[in-house]
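Next come two complexes, and both contain chain A; in the first it sits with chain B, in the second with chain C.
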Partner chain A sequence: MTLSLIEAVLLVFVLGCAIGAAVLRDVLASLMAFAAYSLGISIIWVMLEAPDVGLTEAAVGAGIMTILFILALANTVRPQENGLFESISVRTVVLVGAFVVVMIATVPSLPAIGAEGAANPVVSGEVTQHYIDNAYADTEVHNAVTAVLAAYRGFDTLGEAVVVFSAGVAALTVLRQEVFA
Partner chain B sequence: MSSDERTGLYVESTIIMTTVRVVAPFVLTFALFVMFHGADSPGGGFQGGVIAGSVVMMLAFAYGIDAAREWLDVRVVASLASGGVLTFAAIGLGTILLGGNFLEYHLYEQFISHAIAYGIELVELGIGGIVASVAIGLFFLLAAGFGHAVDAPEDES
Partner chain C sequence: MFELLNSHYNYFAVMLLLGIGLYMLIESKNLVKKVIGMNIFQTGIFLFFITLAFRAGGNPPIIKEGGGPYVSPLPHVLILTAIVVGVSLTAVALALIIRIYTEYGTLDEDKLKQLYYD
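Our next item is the complex of A and B:
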C-alpha cells in the first residue's frame, strides 16, 4: 500500500493531535488538540470515500463536542498549571501500549483499501451487493447510506433517534431542569 | 445573576456579531440542504440537525447565551424533539396499521405518489428535529451550569 503525500501528512497530524490531547497538561489546550484530531479524522473519512461519516465527524466531533467541552470547562475551575505536559506514569504507558498492540494486531486481518472481489468481504459480501443493486429500485433514493439508514434498517434508526431524545431527557433529569433553556 | 456574568463567558464584539449575522443564514440553509438532500448526497437528518443546532450556538456566542435563551422559545425546542420522535414513530407504525410491516413505505403509495421518497424525507426531517433540539438543549443546560442543582435545597431528603 502506498500513501500519497496528503494522506501521510494527515495521518501524522491526526496521530500528533491524539497524543497531544492525551499528554497536554492544560485542559483547554488538550481540548483544542482533540478538536483538531476530529477535523483531521473527518478529512481522512472523506478521502476513504465515506463522506457521510466525515460530515458527522466534522459536525459532531469537531463542532458540537468542542463547544460542549468548552462550556463545561467555563463552568468549572481551570487550575493554573506549570509545565506543558502531564507527567506520565509507567503503568499508564504499559496499559495504553498493550491496548495499542492489540489494536494493531487486528489491522493485518482487514482487507486492503480498494481491494476487490474475494479479497474484500466488505465490498463483495452478499448483503452489500443487495443494497448496491436494489437500493434505488426499492427506496427511490440515490444515496445508498440513506437507503440503509431510513429504509432497510429503519427500525434501528428509530432506536438511535430515541437514544438521542433520551440523552436530552436524561440531561434534564440529572441537572434538575424542567425546560431546555 | 445571569450565567454570562457569573462565568464571564460573553465578550461583546462587533466583529463577531457582524460575522455571525452574515454567516448564520447560510449555515441554516446549508443545514436544511443537508437534511433535505440526504437522499441524493452525503448527509441526512443526523448531520443536518447538528449543523442547524450549531446556528443557535453561533448566535449565543455572538449575542450572549442569555439573549439567545430569551430569543428561542423553549416550547419550540421541546416540540421539535418530541415531534421528531412522534413523526418517525407514526410513519413507522402507520404502515403496520395499513397491514404491512414496520416502515413499509410503499403502502402509503395509495395516498400519495413517490411515497417512499417522501416518507424517507419526513423521517430525515424528524431525526433532524430531534438532533438539533437536543444539541441546543444540551448547550443551554451546560451553559446554565450546575449551580441550580447545588444551590437548591433538597426537599426530598
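Our next item is the complex of A and C:
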C-alpha cells in the first residue's frame, strides 16, 4: 500500500486541524478546528474500510462531542484575549518532540500498512479468521462487527453501557442536578 | 526514510497526533482546551488500531458469499467501544469544568492554582 493522493490530503487536513486546535487562542475556534478534525478522521475510517467506526465517529465524535463542548462553553466563559494564536512554549515543544521521536523510532518495526500473512498477525491471526469464518453461522448477522460487538463480546458491551450510565450519574452528581435539563 | 514514510504513513500521523495531544494537555492553560487535547490523543490511538486492522484490497467485514478478503473486525469493535467510553469521559470532564467555573469563576489553570493555594 503506497500513499495515495486522497489519503495524503486527508492526513494533512487532519494534522492541520489538530495543530489548529492546539495553537488557536480562542476556545471556540479551537473547538471548531477539533470538529473539523473529527470529520476528517471519520473519512479516514471509511478509507480504511471501517464504515461502522466512521459512522460512529461522525455521529458521536463530530456531533455529540461538539454539542457537549458548546454546552460547556455556554455555561462557563470564553475568555476574550488579544492575538489569534497562543505563544508556543519552547520547553514543552522540546519535551513533546523528544516523545514523538522516541515513538517514531518504533515505527519501522510495525507491519507496513495493508500487509497480510505472517507480517501482520492482526489481520491474518487465528482470532480474526475465527470471527470471519463463523460469525454468520453463529449469529446470523451479516456484519461481523455487529456480531462481535453484540454476541461474542456482549459482556464488553454491557460493561460499556455501565460506563455510560456511571458517567451520566457522575455528571448529574457533580452538577448537583436531579435530571438532565 | 521516504520508503518508510510511503509504507507506514498512518503510523507517523499517529505519533504526531499523540504529540499534539500531549502538547495541549501540558501547555494549554484553559481547561476546555485540555479536554480537546485529551480527545486528540485518544483518536491518535484509534488510528493506530484501525490501521493495524487494514489489509490491502480488503473489504469491510460484512460477510457474504465470495465477499472476501475482509479487514479484521475485532479492532473495529474495540474502537467503537473506546469512542463511546471517550464521550462519557468527556462528558464527566466537562461537568467537572462547569462545576469548577461556578466555584472559582475562572478556567485558567494558573489563576485556579493561585485561588486554590490562597
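Convention: the second predicted complex is superposed on the first by the 179 of 181 C-alpha atoms of A that agree within 3 Å, B and C clash if a C-alpha of one lies under 4 Å from a C-alpha of the other, contacts with A are read in each partner's own complex, and residues count from 1 in each chain.
By definition in this document, a contact is a pair of C-beta atoms (placed from the backbone, for glycine too) under 8 Å apart; a residue touches a chain by one contact, two chains touch by 3 or more.
Quick caveat: nothing in here was measured; it's all calculated off a predicted structure.
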item	value
Partner chain in contact with A:Leu158 - chain B first, chain C second, else both or neither	first
Touching partner for A:Ala171 - first (chain B), second (chain C), both, neither	both
First (chain B), second (chain C), both or neither touched by A:His142	both
Which superposed partner A:Ile43 touches (first chain B, second chain C, both, neither)	neither
First (chain B), second (chain C), both or neither touched by A:Ala29	neither
First, second, both or neither for A:Gly97, with chain B first and chain C second	second
First, second, both or neither for A:Ala72, with chain B first and chain C second	both
Partner chain in contact with A:Pro111 - chain B first, chain C second, else both or neither	second
Residue contacts on chain A - larger count, chain B or chain C	C
Intersection of the chain A residues that touch chain B with those that touch chain C	51-52, 56, 60, 64, 68, 71-72, 75, 142-143, 145, 147, 149, 157, 164, 167-168, 171, 175
Chain B contact footprint on chain A (complex, rising order)	51-52, 54-56, 59-60, 63-64, 67-68, 71-72, 74-75, 138-143, 145-147, 149-151, 154-155, 157-158, 161-162, 164-165, 167-168, 171-172, 175-177, 179-181
Chain B to chain A touching residues, read off their complex	7, 9, 34, 38-47, 50-51, 53-54, 57, 69, 72, 74, 77-78, 81-82, 84-85, 88-89, 92, 102-103, 105, 114, 116-117, 120, 123-124, 126-127, 130-131, 133-146, 148-149, 152
Chain A partner contacts - residues on chain C that touch it in the complex	4-13, 15-24, 26-28, 30, 32-33, 35-37, 39-40, 43, 46-47, 50-64, 68-77, 79-81, 83-85, 87-92, 94-99, 101, 106-108
Residue ranges of chain A in contact with chain C within the complex	1-3, 7-8, 11, 14-15, 18-19, 21-22, 27, 30-31, 34, 37-38, 41, 44-45, 48-53, 56-57, 60-61, 64-65, 68-69, 71-73, 75-77, 79, 86, 89, 92-93, 95-97, 99-100, 103-104, 107-108, 110-116, 120, 122-125, 127-128, 131-132, 135-136, 142-145, 147-149, 153, 156-157, 160, 163-164, 166-168, 170-171, 174-175
